[in-house]
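Since the structure comes first, as structure tokens, the remarks are kept for the end.
Naming follows writing order (A, B, C and D), and every chain is counted from residue 1.
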Amino acid sequence: DGETIGFSQIGSESGWRAAETTLTRNQAEERGYQLQFSDAQQKQENQIAAIRSFIAQGVDAILLAPVVATGWDSVLAEAKEAEIPVVLLDRQVDSSDDMYLTAVGSNLVHEGEVAGQWLVDNVGDEECRIVELQGTTGSSPAIDRKTGFENAIKDHANLEIVRSQTGDFTRAQGKEVMESFLQAENGGQDICALYAHNDDMAVGAIQAIKEAGLKPGEDILIVSIDGVPDIFQAMAAGEANATVELTPNMAGPAFDALEAYWADGTEPEKFIQTESKLYTQADDPAGEYEARKGLGY
Amino acid sequence: MSLLRRIAPQLVALLILFALVSVVFPGFLSVSLNDGRLVGPVIDVLKRGAPVALLSIGMTLVIATRGIDLSVGTTMAICGAAAAAVIAAGWGLPAALAVALAAGAAAGLWNGVLVAIVGIQPFVATLILMTMGRGIAQLITEGCILTFSDAGLAFFGSGTLLGLPVPAWLWIVGGLGVAALMRRTALGLLIEAIGINRRASALAGVNATVLVIAVYVAAGLCAALAGIVVTADIRGADANNAGLWLELDAILAVVIGGNSLLGGRFSVIASILGAMIIQTIDTGVLLAGFPPEYNLVIKAVLVLMILVLQSPRIAAEWRLWRDSQRASRAAAERRQAS
Amino acid sequence: MLLTVRTLTKAFPGTLALDGVDFDLAAGEVHALLGENGAGKSTLIKCLTGAYLRDGGAMALDGQPIDPRSTVEAQDLGIGTVYQEVNLLPNLTVAQNLMFGREPRRWGLIHTAALRTEARALLTQYGLDIDVDRDLGSYSVAIQQIIAIARAAALSGKVLILDEPTASLDAREVEMVFDVVRGLRERGLGIAFVTHFLDQVYALSDRITVLRNGRKVVTERTADLGRMALIEHMLGRALESEVVGQSAEGAGATTQPMLHFSGTGRAGAIEPFDLDVGRGEVVGLAGLLGSGRTESAELMFGVRPAQTGAARDADGPLDLSSPRAAIAAGFGFAPEDRKTDGIVADLSIRENIILGLQARQGWAKPIPRSEQNRIADDYIRRLDIRTSGREKPIGDLSGGNQQKVVLARWLAMNPRFLILDEPTRGIDVGAHAEILRLIHDLTDAGLSVLIISSEIDELVAVADRVIVVRDRRHVAELSGERVTADQIMRAIAATDADGAAA
Amino acid sequence: MNTRALPLYATIAIFLIAYLLCWLQFPNILSTRVIGNLLTDNAYLGIVAVGMTLVILSGGIDLSVGSVIAFSGVFIAVLLRDTGLHPMIVFVLLLLLTTAFGAAMGFLIHRLMMPAFIVTLAGMFLARGAAYMLTIDSVPINDPFYQTLQSAYWLMPGKGRLTLIGVLMLLTVMAGMVIAHRTRFGTSVYAMGGGEATARLMGVRQGRTIVLVYAFSGLMAGLSGIVFSLYTGSGYPLATVGTELTAIAAVVIGGTLLTGGAGYMFGTLIGVLTMGLLQTYIVFDGTLSSWWTKIVIGILLLAFILLQKGLLRLTRGRLQGAAS
């Protein structure tokens, strides 16, 4: 008890990220750990430097939410050499899996597949022209969530992605890009569904759709990923259709694994996958909103 | 007349861009009236260009004094967060606007004091607030998107007035107002004098310190307006992303507007046109439907081309060539006459 | 002929600066290039050295046609130049400035020790013993000027061009420069020399070429050209009265006191001094370079606020803590370094003239455009500013005309006390007389003037009273009969002991 | 004493004092481990800052470097993945490319008299866009030669590592010092920063100097890209966003004037280490939230600059007092 744990967080680019940080802090406090928090401001170099500093400080374990999958080999090796267990949070790395204790996270490709599958199930055989709001170009969630979604719809010729642009994971860009989609697709008449790589962009797009005089959720189906409170509110209002939850509580399972490891050296599984649960308008969105409101999203 | 000559390059660039975008997206110039409001891609440009256009007004003044303000993007985030927080606290719209504008003015004052009184170089002084400001904005929103449903505040983002989007009105009125203020009073002259030679101006009795602080405050106020627009637009303050890297777009707009980064002569109207040029490129790229990987390259190439065509060297060389031709012809004629 | 120039032509927007000018420079001669402000002297030089590209004409060095496209090429051809406005780089050390472009090298790298010794050796020829590793900017204008000359002379294998090299030097330093120039003439260099000091022309030059309005008027041996004829060539008319030795009559006694400075001083700048200025009085400040004349002026105008002492007029104490305060108190100040402290280069002549007025009125009360035009045209006429129009950027004017615009700015403000720091530097004979006459007119109307000048004759001509400054102290005061060149000179040269006696 | 070196001395003094203060709070910070980390973690920044220093000394600015570093990483990774080229050959190709890119920007700046800020801003978009066009994915580098380079270090007493890239950074700074202070080119750069018109009249080959300055900055950005790819073992088009601003801040903290013409290469090294120390301090502290991290960095930056200004004013006053 009283262990010091270093946590290298990517940054604070979204509400989801803020919630993850809050939950990690809460979990650490509950379990009596001292959390060394470091915000990398979206930069891998800062994360690497932070991990090295953690090692120099001699922390007992390191939590790492990697900003990108590649490039962790040498710093992970250094941690291993110093016998400090590393647990990866919410994103994976491409280093060999003996370099870290375990990874807690969801499968990003799978998330895309769940979202795509929902659309496949709900559209049926009708012709459906889909517009896609991508995440930040080059970021792994953007790449994987695109892949997963495309996997899910590739066998259904009636589903087609007609426009795909980046909305940088932000609400403002989501709205702006959606506006241009609406302009380009006959005022939105030709769009059947929107797939957004995160909820924030979807919320922005919903506003654009409303301002264009269409009904989001009916005229244009909306499916997105993350499960942040605001999308549940939109679902409760009938303006969004489905979201795939990505739980911000990654630290809980991570700490469980660490405790087991410290207690008797139990090696946890190399990938502790969190559930990618699908929520639709039928799943009491209002209640889900209330449950999430206070989590620091 | 001289104004028209001043902004001619920007107008021409804008027209060429319109033509280019129309090629990749034929409906670009179509505008229709839809229950009392104009809709169409061009109207979107007017609306979406509002934040950069507003920023470029203040940035023009700052650059005219030989300064630069890198902090306007984060100031937007602070002001947006402040407005949303005040609305969320239930103090009402006037208070929200007042607090946001006050926050913008305070940010400008901070920059202005660091530059004009402490004597830190503008780039560095405003870089400090650029780093710090986003933290301050996040402190207000605690890192999440602070949403609100006040229709009054939302009006500043997505409302319509006389057919045009409110954000467009803001920059049109703001830009014309500031331009008129600069040229109907002596402010424009005094700011230019400071930008060209601050020491000499101060010796001639120009109150350089106060004026320099004032332009940074103006930039802060413009940033506050821009922050209100983007916050109102998405009905929420996104402290993490609001105004991110917009300072660069604003500076670009000022330069595309033909203003020198070395200070001196300036035109607010030309800067605003610069902002519209940038927005036309952005909207055009979105409408064209290229894969997003190409966005940056397209923007860079177009901007470079516009700047190359406007470059002072090309204009100067042409003028020099013309004048020397004229002169030697005149000299030859005179020699023949005598 | 060493250097020949034929039908050189150069146009700027709105001006034909050079119009078919011929110019010859022989080896072993000093050739003075003269003319009014804006006649085209500097332009001719810049075309010669490739700083400007000429529009037409031919040049030859040693019979070979040359066509330098940049100053580097000119240097490589053996043409060394000291330009009028731009001197050297204040952010480099003295040694780096002196040896720029031909630094001694060892293993491809600059050999600092050798650089230092060579630079020091160069400067000792000019009797200058200073730390060559300090930044040039930390030295006075005069020292910088000498360094610039030393550099150009060292660079000039064949031709040395000096554009108003002596404008900011005092008599002692001028003599030093002349010695060097004579030495170079002995060595067979051709030296072209621009100045507005006719005495210097006769003291040094072998031949004279006069330009007027961009055209060559005459080339003549100095010995064959009388002073009056020369002035007529330059002005295109006879000068009514050259202001020489026309001492101010009716000095001192009758003026009523107006301003009173007591104990004004600042540590490290100037020791506390007392000074009274009467209404309509002209007070001169004389002294060597770096003696603290400019500092005295800056304290009085609040550029650097005084640490001690007070200023008062008949109505009570005056606030002189900043230039704005001083202006509000009715002061004016035309600084000596017009380029950095005077002109606002990109603004037009009109805007430069009304800038001070406008700043005093405040931004909210713009001066109507018609009024601005009237004021600008008035001063362009009264000071004979040579320009194609009031909307021309001041940066495009010739040096002397820029100086006149700065003067006009202050005159337009109608101050009661005007401080002029080297007001006639770089101004041609005609305008020189004009400005001195103007000062007389103004003082007749009640304006008081403090004038700083390195030209003692000028002080004698206009000043009712002369204060001599030495080593950052006001050491002597001469008035009435005692305002003579001789007395001033003696007071400047006196050592401290007999200075106290004076 | 030459007053031009005062900012440098002030910078060094403040760095040492800051280190002392950090050490009082966290004794660990003086371990060879942290010192080794400071060099390794900031190697790419130090190298790119050397190029930036020269650019700033010449009176310009180069906003493209962050993107060029990212482009370099992607270029290397993609080439190593898709071709059988030896890493050394890829390095040479890359350095040629980035140097040419810098030179091209310099050419535009000189020939068209366009402000450096804008040309390099466009360069920044262009380089990142080019990286995206190569790949939008992050690409790992698995070349064995790379692994050798990555694992080359000297274990200092106390388990600190002096890595290859750390040493490379120090060597680059030394090379930068020689170029800036001991060559005619360096003097020309200072001259340009002191005043372009004057420099031209004094015989600076202006065009050549500007092109070379930006080419040098491009070269350094490429080298820094190599170091960064060694550091992370991958190429990622989103890497090093905003690094140009960090580099500029480091140069300014190092006592170089943004207006050009005054400063020292060595100061830049201190500036980079100061930025690194700041970062280390915040990690060691470990209690700051994301937003307070940003605010504290800003405050520390400001404090640093104010201290520097104060110290300068004080010593200048002293010197003047002594002189008179």
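Everything that follows uses one rule, which is that a residue touches a chain if its C-beta (ideal position, glycine included) is under 8 Å from a C-beta of that chain, and two chains touch if they have at least 3 such contacts.
For each chain, UniProt lists the protein as follows: B = ABC transporter permease; C = Sugar ABC transporter ATP-binding protein; D = Sugar ABC transporter permease YjfF.
What you see is a predicted model, and the numbers here were worked out from it, not measured in a lab.
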Intersection of the contact lists for chain A and chain B: D
Identity of the chain that, by mean CA position, is farthest from chain D: C
Distance from chain D to chain B - Cα centre to Cα centre, in angstrom: 30
Chain A and chain D, separation of their C-alpha mean positions in angstrom: 34
Chain B and chain C, separation of their C-alpha mean positions in angstrom: 43
Centroid distance [mean C-alpha coordinates] between chain C and chain A, Å: 71
Residues within chain B bordering two or more other chains: 138, 142-143, 293, 295
Set of chain A residues in contact with two or more other chains: 12, 18, 21, 137
Of all residues in chain C, the ones touching two or more other chains: none
Chain pairs that touch, as defined at the top of this document: A-B, A-D, B-C, B-D, C-D
Complex interface listing, chain C residues touching chain D: 51, 70-72, 75, 81, 83, 86-93, 96-97, 100-101, 103, 105, 108-110, 112, 133-135, 138, 267-268, 472
In the complex with chain A, residue positions of chain B that touch it: 25, 27, 34, 39-41, 44, 48, 138, 142-145, 147, 158, 230, 233-236, 238, 240-242, 283, 286-287, 289, 291-293, 295
Touching residues (chain side chain D, partner chain C) in the complex: 2-4, 178, 182-184, 187, 190-191, 193-195, 197-205, 261-262, 320-321, 323-324
Residue ranges of chain D in contact with chain A within the complex: 26, 28, 31, 33-34, 37, 40-41, 44, 132, 136-140, 150-151, 228, 231-242, 276, 279-280, 282-284, 286-291, 293-294
Interfacial residue positions of chain B with respect to chain D in the complex: 70, 114, 118-121, 123-124, 127-139, 142-143, 248, 251-252, 255, 260-262, 293-301, 303-304, 307-308, 311-314, 316
